[in-house]
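After the structure tokens below, expect a handful of questions from me.
Chain IDs A, B, C, D and E follow the sequence of writing; residue 1 opens each chain.
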């Protein structure tokens, strides 16, 4: 085990050996194994946005096997997906890559202002399918946030007692937040803090903008001159907000974007001390070869081999 | 076991042998046994629409035994019904046809825009009544969809652990969808994807029209030139949306219609790679002999014996 | 055991011997024992309408013992009441008459348009009190119907597994129904069908009028010339709607009415193939001797001794 | 055991010996022991109205020990209080007086029109604290009444199975009732009936006025000339409404009032066949000596020693 | 054990030895150990207000270890925090200070008028992390107060049966209360009473103002001349309202304030018989040395060494 992984694991000493073993698996697998960095392939967009919007750009992605292969060949640390996708492919790739079972999901056939994801799988499903971790989404800011926090808490408790790692997607949304506010730096750091306090091992947030949403927070950012000009600054501030860097924070790639812009963001994540990325549409919505190239470039950036 | 059934079962390898045995039973029973095609008789209309609307056209159908007989004599793969109908007839037809116990139901004495079906039976009921599978309806798009997804998930988990197969009826409805949108091709494919991600073994959807409901989806269908002109195209797209054809998708027949129109639809389902039909009113609302003829013609189409 | 009781019990063969034993007890007890007809005394009006409205016409009825005595002396098949009334009297009449414990109740101190009864007793209460069956009210048409269906289902499942019979009161009410619609023939038959599909052994509905409430149903009644002119016609149609006569359907007497009118109704129930009546206010709101006479006349009609 | 207590216990024969033992304890303790009459000291006003409103008139009452002492010295049949008060004092007075643990409570920091009390203690708390009974408040007429009935039912079932007695406070309130209607004679009798049907052993209601609230009830009171002119008449009618006197009904004293008025009411309760009083503010809001005198006078009235 | 601690523990004799052992630990630890006084460090502001608002004034506080160290070095009786903070630091400070796990939390990304905190940890979490107590917040006055009381009750029951102490934060808020009313003396005393009646061992309230919010209470305060002029008077009245001083009541420090003002308040708490303070922002939002000085001064006041 590398020193860095040993250091990271030392932050989770209150967890049982089973959970820490699975955290070690996630950290030690793939191209970035042992470096304390992570690139995860998540494919829940079929549920969240619909199949055509997700897979038409690269129809191979309609097939559950495709994403296992992509994640394995690219050397991702893990592959994350809802129950159906994991069930449909897992027996073809037993033990080839750590799996994260996504335990709740949301669709846009009804797209409410204050969202609540439905619980669509369980910790025991993760165990029977051989997963290393479970994933769960919370929407801080939603009027239904309390329900999701309580669900997250129940699942986290069960996952930890059964030796799994817990990954929280923490995406602020809701009627009290402006659209711009969903990625405001004060809001994203707040989302990271909430996830950390809820007991997440790995926290997934969006990349923050320099906007500050909450009035009370604006005063504080001014008074204390918190540096938020560059993306790297803001990433550093998010990481600080996750227990001074003692929780693994990774950033979501979002919708398909220009490669250069994406790589620039990855550099900022790296330079700001972020732990990596969770990259869905930007990887599986390309032809496989191109997707592999893309993922390898991102990993090269995190590995410090590409400036 | 035929090669085709073996292939289909290979998609469900994460399930336990009990569940796969029941899937095999469903696939191997009746006139289409072994061909990887299915025609199922569902009779829940007494609950869903009321007894006279359902059974007055052929009053023999008031009797629970009638539908068992019809399904058996026609050579259907399975008979699906709510608790009362199954309980009332099962002992007269023990083991003669695989049964699917419908676990939730909805009536129209209160017909809300955002429907929620009531859970009216349990997995244990299915076991004590000798059923091969349980059925459950979700209404994606309803403001109450989360509740139904969570119920479906609980039932799916229990059914799978107890060796039963899971059939999901996935019918988009709700205040965010237009009437036309309920059968729009983007919405029906989305419904199939959600059911697949929830872990369904067999998915039942409505036949899709060429209408596209969601704005975000319209752009995608145009940009990627997804073929949706013919019904067979759209069936193919639905099947693709259910894990690239790795989940069994069957189509609902809907209200009583002209025979020729129905047979044309069956051909499109067959030609588009659909796995079959679930045919209620078009079969039991006729005199028995006529109903048997009708069902046999549909099966002949699926078997490829009738062009 | 008479041939008729044997026939009726044959419709319930999917139930365990304990439940069928209790059904046999209900069918074989009292004046109509063995004839496949039933008259049941229900006294939940103290809860449903208040004590003075229920018992002031015959103050003896304030006493819980009174109703046990009345039902026993009149030769009713069973006595049905809420927890308090059963608990207060049962030890004085152990084994003298089959008891039905009413498991939910509603009062009119708050009288909502879309009612939900409160669950006020349990299956285990029925067992410890020596009851043969449990009773439960559903209000199809209420916005809260789903909750009641689910409760009914849970209770039915538990009752059946513990060897009790299940009696469902199925009374359509709610904001989508007109007052007249609550007893419309299409609505009452629908209520009977729902109760049957939920797994009830004995179904209690109101006597239907010739009114047809639902638009979709009106077309069907016209097209298929369903006979609903006479009350006997309509009773026959209700019985048909309860699994072609394979479920026991009894009719509620309603508010205190003229004797002759009541006897005329009883004849129509008999002639239409109904299984009997559940008679509360018309029996216990009279002086005891008069109440006994009244009940005996009704039973005489069902027994065919009085034309 | 006196004949009267033996008679009262005979009404509860369906209960297990444990519960009947505790009922006997309540009936046999204190100054009125053995007479079939009860005076209970309830002190939940600190929760229900706030501490200063409750205890400032006699600051000794801030102390939990005070009320134990008062009830013991006055010779009350029992002392009733919420969890905190019982926990804080019980070890100083082990076995000196039967205790009733109040299981739900309401405060007026939010004072809603349709109240729901919060469940604040459990049957198991009552057992571990050595109580003889549990108490629970229902608000018939509240839109939330169904929830409270269901809670009451669960608690009653558990209490009875664990050998405790059940005391129901039945206080009509809610948006359908006028202020005057809360103590109307038809409403109070209805409240007593509901509590009895829910399985209460001891029922606590307010003293009824001659007002009649419900239209349907007014007709009945007129037609049947139910005597309600005097308070004793109305008490008699309440007792009749609680299973013809076969359930113990006691009356709440309400806010601090003139002594003579209170004693007049006690005489009416006695003369109308009521079983006694539950007296809080009128006893503990006085200096101790005065409070003891007051309680002893009331008991003297019930014992028939004071006319 | 000192006499004072022995006296305090005598108020909790109904609790099991495990719980009283943990109460003793809290009372005997740190600078004020054995004196019957308490200063607790609570750090849940990262969740409640966001990370920057909480930790930017002293960025060392982003790190979970910082607060353990601060509390230990200052000699606090205990350190209280949400799950994440405790999990992240506990293994570095095993047994060095009693811990209070905060079991529910609220954030301001959605800041509702009638708040409900989410349950974010469990009693079993507290046990596996070696905590001495659990903490829970209720908002009396909120329309959702009943839910929180019921949750508090469940948690209190479980904590007591598993040998932990229970600390209730009782903060009136909600649409029926004015802003000023949240700290009105009648409201704060009411909040203390509710917490005590719910079974709390330690009660945390805000310092009360001389304002009286509730009309009914105003009359009582005037009539009985309850002294509320000075802060010490009001503290005394709060302590009286918590079972005449037989429950431990501590006061929250609130937002960062001037040192002298804070020390004056501490003196009033001491002189009014309060048991101490829970001090968050005023201690951890300073540089460490300054924070230690501050806390030591407050403890000196409580110890009576500083006038």
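Just so we're on the same page, a residue touches a chain if its C-beta (ideal position, glycine included) is under 8 Å from a C-beta of that chain, and two chains touch if they have at least 3 such contacts.
Since the structure is predicted, the reported quantities are computational estimates derived from the model, not experimental observations.
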item	value
Starting at chain A, fewest touch steps before arriving at chain D	2
Copy-to-copy rotation for chain C and chain D - C-alpha atoms, rounded to a multiple of 5°	70
Interface residue overlap between copies chain B and chain C, same or different (over half shared)	different
Rounded Å distance, chain A centre to chain B centre (Cα mean)	36
Inter-chain centre distance, chain C versus chain E - centres from mean C-alpha coordinates, in Å	58
Touching two or more other chains - residue numbers and ranges from chain B	none
Chain E-facing residues of chain D, complex	44, 46-47, 49-53, 56-57, 59, 62-64, 82-88, 90-92, 105, 107-112, 116-122, 124-125, 129
Partner chain A, residues of chain B touching it in the complex	11, 13-15, 114, 140-143, 145-147, 149-150, 153, 157, 172, 174-177, 186-187, 189-194, 196-200, 214, 216-217, 220-221, 223-224, 226, 237, 240-241, 243-244, 246-247
